[in-house]
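There are two complexes below, and they share chain A, which is joined by chain B in the first and by chain C in the second.
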Partner chain A sequence: MSALKRVQQWATFARVWHIYDASWQNPFKSAELLKKYLMGLHKPIYHPMNDCGDHVIVINSGDIALPGDEWKRRVYFHHTGYPGGATWTLAWELHSKDPTMVLRKAVYNSMDGNLQRRYTMERLHLFPDANVPTNLLKNVSNQIQQLKAKPKRLDHYSENQVKQFPKIFDYPKDYILK
Partner chain B sequence: MLLNMNMIVPLGILRNVLFQSKFPIRSMRIFPRLQLKEIREVQNEKELVIYGEIVPSERANILLKNTHPQACPLCASGLDVKHTDILIISQFVRSDGCMLPRRITGLCRTQQKRMSSLVTMAQKAGLMPNLNPANSKKDPKKRFQWKKFNKYFDESTIKS
Partner chain C sequence: MVFTTAINFVRARGPDEFWRKRKIFKLSAHFVGRKRNCYSIAIRYVHRALAYATKGRKLRKIDMANLWETRVRAGCEQHNINYDTFREGLVRSDILLNRKTLADLSCWEPYTFKSLTDIAKRRALDDGLAGISSDNKLDGIITKGCLNRNK
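So, the complex of A and B:
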């Protein structure tokens, strides 16, 4: 085997590390995206029997966004197995307890239940904020693009930007500014 | 004006008399003068002075040109405003976050309703925390229970 072919072989089967910023992203739409990288579905060599999944570091999982009032509508069910052991936890309650759990469960539930699922989940590294250990961060060689743009708050624009932005209408002449 | 009922007054003269009599009344104003005003409060020693100051409109120079004067300014602009377009939405809001009425915005009925929905969405998403009543906590992360987490909205859910 030539040196080129050997390096190509290493590069093909090497695990790539990706990073994904989850701030203002829908966790369930993000899960469909992340699972492709975790399972290696984006690779031409993919096969269910071929262990070719990549690692994904997700930062800012505490800043995920849900549409409308889904924070208080989505319910997570758990049963301890004992009589009366059923609990229903709202998404916002789960998120206040563990800011990575909503996204972790979303990724877990997006994949089929088979023997590989637990090992695939091991390759997902979730962090509630941007503090990632440097020994993980130095592996990263790719950033996964966000699904939607992060909205900018009005108080994060400079005062001049707000003032100079074109205005749709002018105040009537007898208006008292407030 | 008293008119002698016995006098025969030609109709044209009567109309002139009534028409002209309208104008002297207007010289005395009981309504505020038609100019943009700002209420200022100055706290001196032992006294609080509140006065209205006449100010020029800051918007006059940067106003979007209405190319279809028969339509309302938002319809005429042809913009598809989303709830994250905060620089546009904040123009329709007072400094305490309250929506301006249609008399002031000059929007048509449909756009006014849509804009008030967009304002609500932007406020719930915490995108205008500086335009809020004085007693508000300002920081969206300090809100109560589920309200402290990020949320976004779908504009197609607005009924119009």
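So, the complex of A and C:
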């Protein structure tokens, strides 16, 4: 094998590190996206028995946005194995206990249950905020595009920008704003 | 399980018990435990294995087609083109390659695959297919869709 071919093979099978900013993202749709990188589905060399998945670092998983009123509707079931050991935890409760768990479970459940799933999950590194250890961060060579751009809040615009924004009409003086 | 002979088509109704059973034992040779050597147990598992083999012949084709599609989708994604747009663009350019060939190209001949995606993109642009944005890198490519370009 020539030196070129050898390097080519290293480059093909090397694990790439991706970073993903989960702030204001739907965790269940993000899971479908992250799964692709974790399992290596984005590579033309993919095969279920070919261990070609990449690492993904997810930051700001504390700032995920669940659709609709799912924070209080979605329930996570756990059973300790003992009689009466079943617990049902609401999404907002789980999130206040561990801000990475909702996204971790979303990714875990998006994959098929086989022997590879637990090892694939090992390649997912979740952080509730933007504090990532430097030894992980220095591996990163690609950023995964967010599903949706993070919207900017009204109070984050400067007062001047808000004033200059084109208005269609002025409210009448006696109109009571809710 | 691969059968290279027509052994399964022969109806074993011979008078000699040994040869009749031997045929079954040959098929159960790779089983583990008593289903390998005890005839009455082996025959049940051989019947089951043959049924699986029949199903497997169809499933293998489906599985391979799915795998090729996954690989071509991955290749398309690297070049920012949707899989459906890519296939439609190729068909319209009279490049009639199947999923197996496209998957092999995306894996082993990435530059060839890139040229295919470029052609598909150009054709999709010329024919005004949805989901593709203009790119001046594609200006040098000529397809039959160019005839529609300035209409």
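The rule is short, and it goes like this: the second predicted complex is superposed on the first by the 170 of 178 C-alpha atoms of A that agree within 3 Å, B and C clash if a C-alpha of one lies under 4 Å from a C-alpha of the other, contacts with A are read in each partner's own complex, and residues count from 1 in each chain.
Please note the rule applied: a residue touches a chain if its C-beta (ideal position, glycine included) is under 8 Å from a C-beta of that chain, and two chains touch if they have at least 3 such contacts.
Bear in mind the structure is a predicted one, so any value in this text is a computation, not a measurement.
Partners chain B and chain C, brought together by superposition on chain A, fit side by side with no clash. In the superposition on chain A, A:172 makes contact with chain B only, while chain C stays out of contact range.
When the shared chain is aligned, no partner comes close enough to touch A:10: not chain B, not chain C.
Contact with chain C, but none with chain B, is seen for A:45 once the two complexes are overlaid on the shared chain. Chain A is touched at more residues by one of its partners, and among chain B and chain C that partner is B.
Of the two partner chains placed by the overlay, only chain B lies in contact with A:90; chain C stays clear of it.
Taking the C-alpha centre of chain A as the vertex, the lines to the centres of chain B and chain C open to an angle of 120 degrees, rounded to the nearest 10.
This overlay, made by fitting chain A, leaves chain B and chain C with a least C-alpha separation of 21 Å. Residues of chain A that lie in the contact sets of both chain B and chain C are absent, per the superposition on chain A.
Taken together, the chain B residues at the contact with chain A in this complex read 32, 34-39, 52, 55, 57-60, 62-64, 73-74, 77, 84, 86-88, 90-92, 94-96, 103-107, 125-131, 145-146, 149-154, 157. Within the complex formed with chain C, the chain A residues making contact are 41-48. The part of chain C that touches chain A in the complex is made up of residues 67, 70-75, 77-78, 103, 106-107, 110, 113. Every residue of chain A that touches chain B in the complex is listed here, in rising order: 23-24, 26, 63-72, 90-92, 95, 148-149, 151-155, 157, 161-178.
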